[in-house]
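Both of the next two complexes hold chain A, though its partner changes from chain B to chain C.
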Partner chain A sequence: MRLEPITNPSLARSLGPPAVAVVATIVIASLLAMVAGANPFSVLGLIIKGAFGSQFAALETLNRATPLIFTGLAIAVAFKAKFWNIGAEAQLYAGALITVVLGTGALPWSSVALIPTLMVGAVIAGAVVLLVPAILKTRFGVDEVVTTLLFNFIFLLFISMLLEGPLKDPMGMGWPKSARVLSEARLPRIVDGLRLHWGFGLAILCAVVVWLVQTRSTLGYEMRAVGLNREAAAFAGIPVNTVLVKTALLSGGLAALAGFSEVAGLKGSLTLDLSPGFGYTGIIVAMLALLNPLGVIVSALFVAGIFVGADSMSRAAGVPTYLADMMLATSLLLMVLAIMLTRFRVVRD
Partner chain B sequence: MEIVDILISASFWAAAVRIATPLILATMGELICERAGVLNLGIEGIMVAGAFAGWMAVYSGTGLWVGVAVAMVVGMGFGLLHSVLTVPFGLSQHVVGLGVTLLATSSTYFAYRLALPQVTSPPKIEAFQPYEIPILSDIPLLGQALFSQTPFTYLAFALVAATSIMLYRTPLGLAVRAAGESPAAVAAQGLSVTAIRMGAVIVGSGFMAMGGAFLTMSAFDSFFFEMVNGRGWICIALVVFGSWMPGKALLGAVLFAAFDALQIRVQQTSLGVNIPYQIFLMAPYILSIVALVLVSRRAQVPAALMVPFNKGER
Partner chain C sequence: MKHASDVVLRLDAITKRFGKLVANDAISLSLRRGEVVALLGENGAGKTTLMNILFGQYTADAGSVEVFGQTLPPGNSRAALDAGVGMVHQHFTLADNLTVLENITLGVQSLLGLRVKKAETSLKIRELSDEFRLKVDPDARVGSLSVGERQRVEILKALYRDVEILILDEPTAVLTPQEADDLFATLRIAIANGLSIIFISHKLHEVMAISDRVAVLRHGKLVAEVDVADTDKTALSGLMMGVEAKAPDIAVAKPGKTLFSLQKVCTPNIKSMPGLRDVTLELKAGQIIGLAGVSGNGQAALADVVGGMRMPSQGVLMLGGETLAQWSPRKAVQSGIARIPEDRHKTGTIADFDLTENAILEGYNSTPFSRSGWMNWSKARRFTSDIIDKYDVRCPGPDTRIRLLSGGNMQKLILGRVLEAEPQIVLANQPVRGLDIGAVNYVHGQLLAARDRGAAVLLISEDLYEIMGLSDVIHVIAGGRLSPGFVRGSMTPSQLGIWMAGQGFEQSDLDGEVAHAS
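Take a look at the complex of A and B:
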């Protein structure tokens, strides 16, 4: 078999494969629920209800989506330029680290000054953490997939070391946990009485800004050109290495905002379980959004909904929560296949 | 002085070879995939799946070698999935690889929860026991390090030799290497690039799963979450470090493992107890990155690595 490009895809061609992918994911999830001895319809119903069925559930989903929007944007920006940043987890913790280092009393300022400072600090920290793999790639030709992956392990150990050493909260009852940030450093709630902080608003704003950068700026054009064909971009006079470094700085900064928002908006302090893999899940979020920054918002809500819904489904139906990860992995693989099939026809030899 | 004592002790080198074994198996698997032109980032998840499958098979009553075979077959299954998506369909090897890792890991944990819903600590199995090879194991230092291991370790060394002979001494190996360097030339010879690449990914994934199985069936005797803990990613680095050559990759794996074994022992010395233990745990990862920086400039990357091949276009 071989693949043949389709010049003018029909409407059925454009929408058919993704629709089949969605249906297939649901069918597979139902079969898994049956394997686990539960009624598949009630399992799917419980997931949806658990994610969006009440005000509390919906707010929980929005809160869970917030860091995923940031990491999803970080990945979308990087992957668009074919810079394979698998290290958003490390950059997230870098942002969280700066937030607690500066936010627990080092800067005795009011909210108006403190919150923007922490934000900028987090962005710089995340950008610097990704700058190292970017320079290793552009200067020494070291593959960034391996370095960013290994950085996740190194950085988490570094955080663990700090939490058991200089950053350890003396009031923490011996747990490896940082002190709480000042109340001036906390992100306020969007609506009084509702458990949703301004981190969510910041995430939406970032998605719009990234979309503007990608579609309306020279840098966005250069990033796309480098991603499409590195040699052709270099031939056209685009400084490929500079663009890759700028991409890395942007990507690392966005991922770090996830850490800032989790600490300043939600948790208030830094622990080793601040992120249950938001950096890795960001890859799924970005891919499901086809690397479109505005699409990242939608796919982050979808992914967060599956996680939040699966948690409550698991309590009610006794199906392991890992069903959520399996659904996401399945939908990721089927969706990349489906997207390819909207543009290519499979021809038998 | 304490460090010198460690370095000349036979138990240290025996530990290094033991720690190296899963890395050797999985690195050979990754090397075969990449030599044929396919980066397999499914490695981390496939090792998790192999670790669980082999252990679960033995726990359910099969023999140890049957358990190894079960792990291998499960790994090959994930390899089939990976290769179908990346080879004939030519999808992004990065995305598919990470997707396979997530799928293999989550389905393993899902299966674990279904198979053992009640247990708080996972049950143990009768794992592989060390087998001292007569005469050879009496050699000082070397005998204990190399010839008093479990049969699983001997199998790993045999696989390195077999991989090396296959790649450099057989027509099949020539075809695999050519598929990674110049797939158009392979197609011009009337061979199927698709079949060669898929075969390499499937067999390679089987080796990765065996690497995982070593952890639950020889190094330890039980299955824990997070037990693979980034070993797959280390193997990706080891393939680069070994310049895509089995012998050099083997050397890299043993060096890495020796360093890992060393950091565990230095932690307990008078010097080491005053240093945060995280520094020691970080060291092997930092070493991997430094090693990559040193070799990457002159590494011989297979020319068609990560380049999909589609017969229609020339």
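Take a look at the complex of A and C:
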């Protein structure tokens, strides 16, 4: 057996495999739930109900999707240029760190001045964190997969050190958490009384801006060219290394906004469990979206829906919450396979 | 001693087509016991296709393969191996993390039995390596070996399987001259032991040194089969390049002023590709300079230097009257150098970009395609549509992905991209390789038109006929050195062949400046 590329896929070929993958994900998820002891036919309903069945559930899903949109965009931007940023987790914490460093009283300003300052500060912090691997790669050819991945651990330990030391909240009863940010630093809610903050609005705005940059700007054209064929891009005069560094700055900045938005919009302070792996899940979000910035919104909602819905389902059906992770992994694997099948056909020799 | 009648391998009227291209046109070839036959030809002449048919990777459209009198079933990749034919590929097929011994026995013995037979196997490998003077440690890990040693492992692998016919694809491309000599010594022992060898190469001196007979392929046809004793390098290079047709009559242009020049330029060797050695060259307005030579003699380095991909390590580049302190692809584009790259698939275009995105690949960051950081796609699309009309690019439209186009249409889009702004300097590197005759004539017409409106054209080609047909002045490149310029019609193909074989340079070094031979 071998794979043969399809030069001009038909509509059925483009949509068929992903649709089958969605159905197969549901079937496998139901089987997993059955193994765990739940009624397989009620599982899907419980997940949908848990994710979107009530106003509270839907807002919870949107809140959960917010950091995923940021990290998903960060990955999508980087991967499009074939810059493998696996370190969105570290960049997220860098954004969160700046938010608490500047937002807990260092800058006694009004919201109008403080919030944009924290945002810009977070973006710069995330960009700087990714700048180091980018320079190592372009200057010395150091593999960015290794540097960005390992930097996640270093940075998390660094945060841990700060939370046990200088950033530790004196009123925190000894818990390793930072002081809460000023109320002027908090992102307001989109609708009064509903638990959804403007971080979500910012995420949607970023997705649109990134999409415009990729499709309409000169930089976006350069990034796509570098991603598709570095040799041809270099021959044509595109400054490949400069483009990679710019890509890294953009990617790191976007990931850092996830940290800013989680602290300023939701949690109010920095703890070591601020992110349950949003930086890594962002890779899944970006891959499911085929690296399309607008698609990232949809896939982030899908992934957040599975997390929130499966959480609620597991409580209702009395099965372990790990089911959510397994479903997500299943959906990703099947979707990657489906995407491959939209581009290649299997030929039997 | 040779047994003249003892034919071990016979290829009979092999024909293979890929679309319009005839890669092998009724090629018949036979190999006798204890004989070395060299398969000589330029890149794309059909050598690799022929060997792929022998090994069942491709099925021939017509013809048959016979080994020791038995016809091989077409399309069966094990048949040739089982019949005792071994091949050493240009790119090795070894597992880096296994030892030499493991690599050699891989696929021959059951891995479960290996432990038991290890001593015995090791002994056989040592015997073979002594006998054939292939010095290599059976217990060394392949990843730690040099390229030359890896090649010895490949040969041992074939010998271990008791092959009687050995095919070597460009075996010296990766070797130092010293290693190449060792290889030849091994091959002579192999012949003495009754093996038969097909030696694929485009290096004339090696072919002369090792083989008994030479089969020359050109454009898919077997153009000659000669005994080495009856020929010489010059004759072979003529056969390989093909100069039987007469050059078309093109008025010799009167050259204008020098637009671009290289003065005593050197570049370092990169891997097995030679760099430039003291190359001095002037590109003049209204003149086509042809660069003739056997491939791999510095053409790539010269193209890189002119095209902005490489800065010389020594020597001076001059654009107009100015010395270039910095040089890059973008500078070359901005200086009005039209660059037609050698590989239109890998460096000329981005396969998954559409025609529009490919058409603006060099000009995307300047007006009218880009203003203050944002693209103007409607202008880009209009530019592309104009190129499609003007340069006759056959395609569904500017939004088609370029990978769906034929080579000829892809090349026309590249021509449009680089020639539309009427550049003063044109660098055409193998501009017609792999194109059908219609596209070839079109590309040549465009190059002549560029010359006639006053551009300086540098044409690099391995096809001597193409060079002689189009160039006002011909330089020959060999081993990174450039011959003096010969004006149109002053040299015969065989005279150029002498230069291409690397002779005559010492003479000109003594003479000094450009000599117009007559």
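A few remarks follow.
We adopt the following convention: the second predicted complex is superposed on the first by the 349 of 349 C-alpha atoms of A that agree within 3 Å, B and C clash if a C-alpha of one lies under 4 Å from a C-alpha of the other, contacts with A are read in each partner's own complex, and residues count from 1 in each chain.
Just so it is clear, a contact is a pair of C-beta atoms (placed from the backbone, for glycine too) under 8 Å apart; a residue touches a chain by one contact, two chains touch by 3 or more.
This one's a predicted model, so the numbers in the text were calculated from it and none came from an experiment.
Overlap between chain B and chain C is detected when the two structures are superposed via chain A. Of the two partner chains, chain B is the only one touched by A:Met287; chain C is not. Taking chain A as the reference chain, the count of touched residues is higher for B when chain B and chain C are set side by side. Once chain A of one complex is fitted onto chain A of the other, the partner contacts of A:Arg2 are limited to chain B, with no touch recorded for chain C. In the superposition on chain A, contact of A:Leu328 is made with chain B only, not with chain C. Within the superposed three-chain model, A:Ala94 lies out of touch with both chain B and chain C [touch as defined at top].
Look at A:Ala234: by the touch rule set out above, it reaches chain C but stays clear of chain B.
Taking chain A as the common frame, chain C overlaps chain B at a single listed stretch, which among 99-107, 279-287 or 315-323 is 99-107. Overlaid on A, the two complexes show chain B and chain C touching no common residue of chain A. Across the complex, chain C is touched by residues 7-8, 216-222, 224-225, 228-229, 231-239 of chain A.
Put simply, chain B touches chain A in their complex at residues 39, 41, 81, 85, 88-92, 94-96, 98-100, 102-103, 105-107, 109-110, 113-114, 230, 233-234, 236-237, 240, 276, 278-279, 281-282, 285-286, 288-289, 292-293, 296-297, 299, 310-312.
Residues of chain C touching chain A in their complex: 307-309, 328-333, 339, 341, 346-353, 357, 361-362, 364-365, 370, 373-375, 377, 403-404. Looking at the complex, you find that chain A touches chain B at residues 1-4, 32, 35-36, 84, 86, 136, 140-143, 145-147, 149-151, 153-154, 157-158, 160-161, 164-165, 280, 283-284, 287, 320, 322-323, 325-326, 328-330, 332-333, 336-337, 340, 347, 349.
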